[in-house]
Structures are given as C-alpha cells and as structure tokens.
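There's a structure below that I have some questions on.
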Amino acid sequence: MLRRKNYFKQLLLSLGLVLFAFIGLLGTITPVHAADNSLQRIKQKGVIVMGTSPDYPPYEFITKVNGKNKVVGMDVQVAQQIAKDLGVKLEIKQMDFDSLLVALETHKVDMVLSAMTPTETRKQSVDFSEPYYHARQSIIVRKQDKRLYKNKDSFKGKTVGVQTGSLQQNLANKQMKGTKKKGLTKVTDLILSLETNKIEGIVAEDAVAQAYVANDSRLASIDAGFDLGGDETGTAIAFAKHSDSLVNQVNQSLDKIKAKHLTKQYLASAGKYMATNTQNVSMFHYWTYFAKGIGYTLLITAIAVVIGIILGTLFAMGRLSKRTFIHYPAVWYIEFVRGTPLMIQVMFVYFGVGMLWNNIPAFFAGVVAVALNSAAYVAEIIRGGIDSVPTGQVEAARSLGMSHRDAMQTVVLPQAVKIIWPSLGNEFISLIKESSIVSIIGVTDLIYQLRAVQAATYRGVAPIAVAMIIYFIITFTLSRILNRAERKMQHD
Amino acid sequence: MTEMLKVENLTKTFGENKVLRGIDGTVNSGQVIVVIGPSGGGKSTFLRCLNLLEKPTSGKVSFEGTDLTGLSEKALDDIREKMGMVFQSFNLFSNMNVLDNLTLAPKRVKNEAEAKAQTHAIELLEKVGLADKKAAYPDSLSGGQQQRVAIARALAMDPDVMLFDEPTSALDPEMVGEVLKVMQDLASDGMTMVVVTHEMGFARQVANEVWFMDGGNIAEKGTPEQIFDHPQNERTKDFLSKVLAQ
Amino acid sequence: MLRRKNYFKQLLLSLGLVLFAFIGLLGTITPVHAADNSLQRIKQKGVIVMGTSPDYPPYEFITKVNGKNKVVGMDVQVAQQIAKDLGVKLEIKQMDFDSLLVALETHKVDMVLSAMTPTETRKQSVDFSEPYYHARQSIIVRKQDKRLYKNKDSFKGKTVGVQTGSLQQNLANKQMKGTKKKGLTKVTDLILSLETNKIEGIVAEDAVAQAYVANDSRLASIDAGFDLGGDETGTAIAFAKHSDSLVNQVNQSLDKIKAKHLTKQYLASAGKYMATNTQNVSMFHYWTYFAKGIGYTLLITAIAVVIGIILGTLFAMGRLSKRTFIHYPAVWYIEFVRGTPLMIQVMFVYFGVGMLWNNIPAFFAGVVAVALNSAAYVAEIIRGGIDSVPTGQVEAARSLGMSHRDAMQTVVLPQAVKIIWPSLGNEFISLIKESSIVSIIGVTDLIYQLRAVQAATYRGVAPIAVAMIIYFIITFTLSRILNRAERKMQHD
Amino acid sequence: MTEMLKVENLTKTFGENKVLRGIDGTVNSGQVIVVIGPSGGGKSTFLRCLNLLEKPTSGKVSFEGTDLTGLSEKALDDIREKMGMVFQSFNLFSNMNVLDNLTLAPKRVKNEAEAKAQTHAIELLEKVGLADKKAAYPDSLSGGQQQRVAIARALAMDPDVMLFDEPTSALDPEMVGEVLKVMQDLASDGMTMVVVTHEMGFARQVANEVWFMDGGNIAEKGTPEQIFDHPQNERTKDFLSKVLAQ
C-alpha cells in the first residue's frame, strides 16, 4: 500500500504545534511567488480537470458502463462533489501515476485524486488538501455473526483468513496470536471460505472490505482494531503550489464529505461497480470469459491431439518394431508417461524443459505437456487397433505372396484406423477434461477463466457450476456426435 | 506326374507341445490330397507349414524341387504366390470390396495392370458364380459366398497348388454344397489340391489319396476306398466310426 | 511488513533539530525516575538475556541443528556480537511478540531483538538502540546478468516477477511502468521462473533476496532503487526504560557491526539455515516429506477406491435397473461425472458442498470428490463386467426355472467380479495419478509435498523429477503385481 | 398321447423384422419333433418362444393346458422348470464345477437338499457317461463333454419336455456322435423332445415328426419319410437337395 504513506500520528500530534510555529517562521522568510488566482481561474473556465491513474480500485478504476469505458471510484465521487460545490463541471484525465504531479505543475490538470498520500517529498512540489480518507484494517464477517465479534480479539480460538503475503497476514500473525490463520492467494477464495463457514472472518483493508460488503448482502465488516503502532494512512488531493484559495474551498467540500460520512457511500457504490452488478445479473453476463476459456481449452486439446496422434503413431510403430533400440525406448516412454500424473508432467515440462530452453511460454508448455501425455495413450490405442485386426487378415495377405510391409499398409492399417478412430475420439474428449490441469501454470483455459469470473463476481460456486456444465455439454455433445458418426460408418 | 510338394521328416513344436512329430509325404501335380483326423491332431499346422506361414522346427518342405525351409522371407513371398490358401474363416480383406480383394495381390505382387487384373478377377468370379457381387463388401455376403470369393482370390494369383483348411466347417449346412461344388470343379480342371476337411463324401468322391493325421503323425495313408472301407489303423477305425455313425 | 514501521525520513530530517530542542525542553521538566545501573547489572550477572519471537526469518527463526531446535537468524547474531563485546554470555528467551515489551518492563529479559521497529508508541514504554538494519527492496537476478542491470529502471521492456499481493507487487506496478510483471504466489516458483529465464528479475525485500542469493550460487541481487516516498524502515533493539548506559554500550557494538557491514554476513548465514544446506544434500534428505506425501496419496486413493466401489456398485445396479426413477438418475450421475474434469469436481465439492456443510476439511473434501468421481467410472466397469458375461449364462439359468435375481446372484455376478477385477485394479492405479489434483485445495499429497520440498530447497526441477519417479514406481509396481495376480487367477 | 405343447398362430417381430409369421403346431407327450430349415428361418426364435425366453408378439403357447403368454415372470419360472433347454453354445455356468452346475437349480428352485441333489446329479452324469468329471470345470472339458453335461443339467430338474437348439453344430465332427447317442437314449426313454438340428441321420432315425421351417413359417410337416423322401414343398426340396448332396 505504497501510495497512502504511513505517518506517525503520535509524532504529528505531539509535534503539531511546534511544526506549525516553525513553518510559520519559514513562511515569513519565504517570498510569495505569485498571486493566488487558482479558485478564480477554475470558476472562469467553468470546469475543473482531475488527473488520476485509474488502476487502483476501489479508489479509481475503469469499468464498462453501457459498453463504454468509464473511470469510477471513490476519488471520482469526491471530485464530483467538489465540482458541484464549486459550481463547475468535472473533467477527468487519465495518466500514469508518475506523471500526475508533473501534470499539476504544468497546469495540465487542476487537481489530482489518485489515492495519493501527502508525503513530505510531494509537499515540496505541490499543495495538499486535508486528508479525506484514512485507510483502516477491517475484518469481514458473515452478517448474522456480526454481533458476535467486536474486534480482532474476538477471534481467539477461531480461524480467520488472510491473503497470503499481504500486510494483513503479517498483522494477523503478530497481533492475533490465539487465532488460527488460513492463508489463500485470492480474496475471492477467502470470501468463499467465509461463506462456507470454513473461516470466521477475513482481515482486509477497510476499502476492500467495504466493497465486498456493499456487494454481498450476506457479509458485514467490523473494525479490526489493530495496533498500527501509532501510524496511519491518509489520502489527500494534490494541487499546484500556491493554490491556497482553491485548497481552502476544496477543504470545505471535504469537511462536508467527512461530516456526512460520504466516503462510506462512495466506497459502497465503487464496490458495486467492481462487481458489475453481480447480485442481479446471471452468469451469462460473463459469457465472454467462458467463451474465451472454451476457445483455449478446445485449442489446447485440438493441437495436443494432432501432435499426440503424430507422435503416438511413431511410438506405436516403435513399440511394434522388432529392433530393440527402437522398441525399448518406445516402451519406456509409453509406460513412464502412462505411469505418472499429467499434473506433474505439466510442471516438469514448464519448469524442467523451460530450464534448457529460454522463455518457454506457459501456453506452449501446456500444449507440449498435454501432447506428450496424449502421445503415450494414442500409441497404445494404435497398437491396440493393430492388434485387434484378426491375424487371419495378415495371413491371407502373406499367403498371396504379399510382403509383411505390404500387408500392413494395404490391409492391416486401413482396418486398424477404422477400429481405433472411436477410441481416438474418446481420447480427444478425455483430453478436453484433462487439459484443465494446464490452468496451474497459468494457461487461460476454461478453469482459469472460471477463477477470473469468481474474482470479478465475488461468487464462488456459480462459476464452478457454469464451467462444469459447459464441460459436460462439450464432452456430451462430442461423444454423441462420435457415436452417431461411428454408427453411420458401421452401416456403410 | 511330377512331384509338386515333398515333405520329409517335418516336425513342429510350440514351446513344450510337439504338434508335428515327423511327417513324410509327397503331393504330385494334379493330385487331390484330403487330410482328415481328430481335432488338435495337427492338420492346420501341417498345412501352414507347407507354405511356411508356420516355420517348421525341423525337416524339409520342397516345392517344385526347391527346399523352402532355408529361404529368406523375400524368396518365400515369391513361392507363396504359387501356393493358394483358403482358410476356415475365409479371411477376406474386410476393408475392400470383392473385386479389390481379387485384384490386390496381382497388382501389388505381380505388378499386373488394373485392367488385366480386373478382367481376370471377373472371369474367376463367374467361375465361382458370384460375378454380380463384385462391388459387394465381405460383410454383406453369406458364409458360402465369402468362401467362394476367397477361393477365387487365391486363384487370381494363378497358383500351382491350392491348400484348403476346413473350408466348409464354418458354414451353415445348406451352404456347404456350393463351396464343395467349386472345389470339385477345380479338381476336375486338374488343380493340385491339399484339403483338410471333415466332409467325408467329398473326400470319397474327389480325393486321389486320403491322409489320416492324429497326434502329430500321419497314421495312415491310402485311397479313399482303402481308408473309408478298410481302415487298418486302430485310431482311424475309431475316428471313422464316430464321424460316419451319424 | 508491520514490525519495521515506515516513517518519514524527510520529516524527521527537517524536524530533527526542532524535535530535539523540544525534547530537551521537556527533559528539563521531566524528573529522573531511577538510577541507571543497567550496564552494571548485566556485567554482574555475566549474562544478557535476549527476548525474541522466532517466527520471522531471516531475522529470527527456529531450525534443527543436530536434531535439536535452535533459534537462529540475523538478530541472534547481532545479539551474540553484543554479548561478546560486553564480555557476557547470551541467553535467548522465546516468547510471543506481544509479550516482548512487557518482558522488558518486568525485567524478564534485558533486551529485545525481534525485527522490531522503534515506533513512537513503543518509545513511550521502552528505550531503543539505534537502528541496526534498514530493510530495502532488492531485485534478484541471475548472477551472469548482474552487470546488465543497475536498478528498477534497467528492466524496461522486460519481465520481472513479484509475489502476488505483496508490497513489492504494488511497488513494481507503480514504479516500474514499462516493465511487465509476472505474479506468482510462491517465492520458490519465482526463483524457478528466474532460473529458467522466464523472467529477468524478482522484486523482493532485501533480507529475503540476501537469503536466496546466499543459498544459490546462480543468483545475485541488486538494489531496486525504489522511491519509497522518503520513508524508510528500520529495526532496532529495545531495552527497558532508563537503560542509557546499556544502550550506549550496545550502540557502540552496533556501530561496529554497521562499519563492518556484518548484517550482510548474518543474513547470508541465516539464509543457509533457511535452506538447511540444500546445495550439497540430495533429495534423499527430504525423504520424510516424500514419504508423507506418498502416504497421503495412497490413503486418499485407497479410501476413494473403497467408497468408489461401494457407490459404483449401487450406481451400476441403478443403471441396470428397469425402474426409470432409479435408472435415469444413475445414468445422469454417471454421464455427468464422466463428462467433467476431476479438477472442477474437486473445486465444486470443496466450495459448493462446503456451502451446505460447515467446515468441510480439505482432506475430507478431496477424498469425497475423488470417491464420487471414481464411483462413476467403477459403475461403468461393473456394468461392463456384467454385460460381458455371455447372455447364454442367464438364459441357461432362466431355462432351469431360476428367477432373474437368482441368476444374477449365483451366475452372473460371480463371473462379472472375476472379469472386472483387473479393471478395478487399473482404476486404483489411475486414481493414484488422478488424486494428485487434490493438491489444489491444499491436501498434503505427494504433489503438495513436492512443492514443500521446492520451497525448502529452492530447487525446482529435482523435486518434480523425484515425485515423478515415485509416482512411476508406485503405479508400475502395482500394475505388475496386478498382472501377475491376474495371470495366476486365470491359471486357477 | 396327451397334448404337451400347443402353439397357435405364434408370431414374433424384432423391430421391423417379422421372424415368426404365424406358427401352429402340437407336440404330444412322448413325441420327438425335429425342426429343420435354412439359417435365419426362425428356428431358434421359435424354440425360445416355447419356454418364453423370448416373448411372443402374438399368438398362444400352451404347456400342459396352460396358456403361457399371459403369465407373470414368477409363474413362468415355475413352468420353465418343467421344460429343459439345451443350447448350441452349451452355456454351462463357467464359475462352477460340473456337479454344482447340475445341483444349483434343484437346490435353489426346488429347494432340494444338497445330498439328494448330488445323488441325482451323479446318476445323471453316469447316464451321460461323465461321472468321473463331476469335479471338473467346464473350461477343461471338450465340446462334446460340455454338451452332455448341459443335457444332464437340464434333466436334473426332471423336465416334462426337452428343447434342443442345434446341440451338435458347435462340435467337432468326432464329438457329434456321443451327443446324438445321449439324445437317442433319452428319446428311447420316452422323453418328449423338440430338436432343432441339421443332423438328418438323427432326424430320420429318431423323429416322430419333422417340421421344415423357412422364412418364419412352417412350410411342411410330416414323418421323416414324408419329408426326406417325398418332400412336397419346393423350398423343402431345394434345402434338402443342398444339405443331402454332400
């Protein structure tokens, strides 16, 4: 949480007076650089330009509204209130966080709201309003349990969830000693765990907690009450230097916002945007996610099957060969691959082969692993197909004077192909399912996308169910098509 | 009466199992030899040793004067051309229609032109009475029809000798006749034939010689009259009494 | 990183003078509470007691040395240096972080070294030495690439790795705009990605970076050079109030440590402990990990197979039943389960069923999911076995006047069992492989343990290879045993 | 000469395929009926309709005066007890030894005591000449032996009528005799029998009546002499000419 710097509350409080006296002293020495016409300029323009880097929900972020990208978030609502109070229109300029202060100094923007902490360094180049929001740590709980818990100390003997590697994990480890912690990577998984009673609470930054609570009527949040060592985080609005009149005016708006506790509302509505109205829209809303996942899943499977058939044919030939230096490697390969889980093969290819070969992309590694796996199974299917052609067929061919090779090519293989193709179809169908494992190395297949939908909707089970049904529809449809094709072939 | 096939002290062992225990015999050109005997006696194995589909364990198999046991696979392929074989289970190539079944080997082994191979094939199909089935696939034919096609297929290579391994025992009774008829015609045309069968009527009518095989040996040899009417060997008598009783 | 609080460097620098003046002023008013005999007391005792909460590597943590638990880490080495300089012995007391300061005030311990940040709140109750370590952010790179990079800005257009949800991710997102970031959950995976050239650097806290670098000769680290907004983190030693003489003495030791850059050495040796000498020991060292994983894998599989056979028999009976209200549910269940990936079934049971049933443990959920999955396949095996008993057998029984039920029990099922048991054996073997998927919900199976070994050894591929071979040995051995048993049964 | 089995206008359809097209016939007690006819003519289906292993599409099947077509499965089980059946493929219970094959149904259906069932079974095995094989498993027996056990198994239920569906056509020729011998003995003992077979010799010697089935109809009925020596129907003539030609 870098933007909103911690500072020593105690220090500031105790030194507040001295500081102001000191600054006042400096102030008498410092020359007044320019006349302060900042407020006047804005009113003349009739518009106030806000600079922001919209990649920090719930403060500011981009969402699709009626198909168009729009910057939303708490900061935007604060700015809207300010513009309203000033009687001007609000214009939003997006830029990199790094460029925001430069844009202020060069008057490209009039103010910056971007979850920015008023650090001393920054204060040297820009003016700040009063902080309008202080991030706190909260604990998300189930609504019906809210009255059971007061603060972090109410969770003794229970389990709380924390995001692995987060500030909150650290806090909980240190200050919730009698409480078991369950670390998961994704906040959505934590929410899910909470709703399924696996944990009793989730330690999260207040803004995040607010967003989730606003979005899910089964949740509530309480103040964690951590001892933050006297530190606090605050967010303020930055203005160009010497904008006292504007700053003063804005501070009045901020006072109003604080008095009315509007930030809470703002966070709630930002949370709603974050969730893109998941409460009421169905999973259909996310069909692009699922469609993309299906696409990748089918693509991976199709490529893997094609490679698998080519390699599998080679391995089958190898295994059927009488030359030991071809036969045994083929046997070993087939047996080893069939004797180990695909999951570990995917890991091995991604990390192991990636060691020899720079920059192996996850998609490529996933396809290769699935294809290499499939090759072993296809090899056995092909061998089985060849074996299942009655030996009488070869003998008849040999008795006519045809060579072994000729008999294989003209009589055995064409029949074997007809025998094995339903099995190859089944292999394709089972690869559709098996390929789900590549999601562990980050390939954006259907499973990966379902997790993305979980993250976007704050709902755990619905996306799982949808993906499950999609898988079923795909495999079921394909196997029906296969069966029909097979029956048709038999009738021909 | 030249010697077509000559077998000397032929033995064949599968693992521990001595299936052929030293067979001697000669098949002269134009002769029809019928091999009879109880199940498991080694009849099929003997027949398969004649064209080396099965490699003999010891002994000699000579075809038209050449000993086959020492030949390479390639040389054997050339010999097998001249020895047609008909199986109990027909073994038509199920991925091809009747015509292709007949023309495949002539085209690939003898490099015959498509047209020539087809003309010959149709002649043969007419001979076995199945010219109208040339486009049919094996699956759609009755057992008797399949076996007649199989005979035509073997004939398509213009073999010098034909080997039959129980050609009628997988057939429904009313189809047995049509196959035996074709074989009888073949014999009348002067084809050299070695036939393993249980059809005693056929043996009596067509065979020049009947060999009785039991336990890996040829227990008795003779004309059909000698074997059927005056069997000398005890096992022959026993076998015939069972088979002819019905 | 809560313990080491951020504070405003700039603020402190600019206000330093004023602050000291102010404190000096207060100092003249504040009465001196007690005589300072702190240093003298230590020297008389001949031992200095250090309090620490050893759960924060590389600062302090517990490791096994010669089979005994021992507190090690940078802080311990700092304390040893101090004890040596004081000419006394060092005694270490372990306690909760929360109890440390109380222990100081009640003189249970003489000093506290526990990665503690000297916050103002704490300063009210204890004295602090000067900070002896300042955490910085570093970037871990491959040793041979070290000269290519100067700081964070050298990575423009390249990819760096960050731990998902970490402070470092935030930093990199904000201040390394032209650089692609790859987020992974585990530092070990990041290290692996770095060594396999998938990423060019890893942003990590300096102490962590040092530990890894010390442990792996292929790595080096450079200063990230992040703009920390004028903040810094520092770690200092806490003493009871009014221990000026002791503090002064200790500060001298700290000056020496700083002058000689000893913390760097300390971190390196802490890193070695963290890695438990992985550089030279083989994977055999971790056989307990693998053994535990094998145990769990086999246990999950065995339980799942037993449940699978019981349920599978029921489903097979259901599918064979002529009553539609039994037949169709069985068919649907079997087809649906066989049509969806096990991975998604595991997720569904863990989260979905967990929703209805409080506190479903991961192990239980994993076993249930695998068993439910297996049941569908077993049902088809059983049905196949029953189907493959020639219909003539039932007809013969029926023609003797036996009922359908009787015929099934006495004739069909005994034959079916003989036919299916090799398939059931194969199902067991393939479940050993498939069960690897339960690792995604945190069941400590072989895959999970291999990741634990990766984490402990900082080696990526070796544990994968070892686990792969273990899987192969298990499945291969079992299938040989099965084949032999099957052949024996056929001969009987 | 009481009526044992009576079939009236029996039809059976599989999907579109009319396999039986209205069969009428009576089997009196003590009679041996031999059913002959070409493959696919519906002989097996007819036989299986007699004990309702196959459910007739229409028509009546009466056994000892009871119409079977309306009976429940449970009632049918009681009827089937009295109608022994022997199959082309033997169908011995492969998970049991010979003795258990014979005693299973008496014990489970008739609730016979173990000892009584065994004594009876051994008597029957002696009758078919296989008392020494009582502990053997079906797999280790020859086809002829298996079929004789199957006959004994059917007899163990003391049936009133025995149905045979081509009992010898899966056998090697030298085993056919031993099975036919058992059947002949059974007939001499006065057992009522319906036999589907291609063994014309047996039919001639043993049958009281021969039914010729073709295309789902009984085309001709008569004594063996009538059918074999003076067939009236064209199809009968054609069939017999093919089968008897050999």
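The first chain written gets the first letter, and so on, giving A, B, C and D; residue counts start at 1 in each chain.
In this text, a residue touches a chain if its C-beta (ideal position, glycine included) is under 8 Å from a C-beta of that chain, and two chains touch if they have at least 3 such contacts.
Just so we're clear, the structure is a prediction, and the values are computed from it rather than from any experiment.
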| item | value |
| --- | --- |
| Those chains which touch chain D and also touch chain A | B, C |
| For chain C and chain D, chains touching each | none |
| Interchain centroid distance [CA atoms averaged], chain A/chain B, Å | 74 |
| Inter-chain centre distance, chain B versus chain D - centres from mean C-alpha coordinates, in Å | 36 |
| Separation of chain B from chain C, taking each centre as the mean of its C-alpha atoms, in whole Å | 74 |
| Where chain A and chain C are represented by their mean Cα positions, the distance between them in whole Å | 21 |
| Residue list for chain A, restricted to those that touch at least two other chains | none |
| Pairwise touch network: line, ring, star, complete, or other | ring |
| Interchain contacts (touch definition) - all pairs | A-B, A-C, B-D, C-D |
| Contacting residues of chain A [partner chain C, same complex] | 1-3, 5-8, 10-11, 14-15, 18-19, 22, 55, 96-98, 117, 119-122, 163-167, 170-171, 173-175, 177, 185, 192, 195-198, 227-231, 335-336, 338-345, 347-348, 351-352, 354-355, 358-360, 433-434, 436-437, 439-440, 447, 450, 460-461, 464-465, 467-468, 471-472, 475-476, 479 |
| Chain A-touching residues of chain B, taken from the complex the two chains share | 51, 53, 73-74, 77-85, 87, 89, 91-95, 104-105, 108-109, 150, 153-154, 157 |
| Chain D residues touching chain B - in the complex, by the definition given at the top | 38-39, 172-178, 180, 198-199, 201-202, 239, 242-243, 245-246 |
| Touching residues on chain A, where the partner in the complex is chain B | 390, 392-393, 395-404, 406, 410-411, 414-415, 418 |
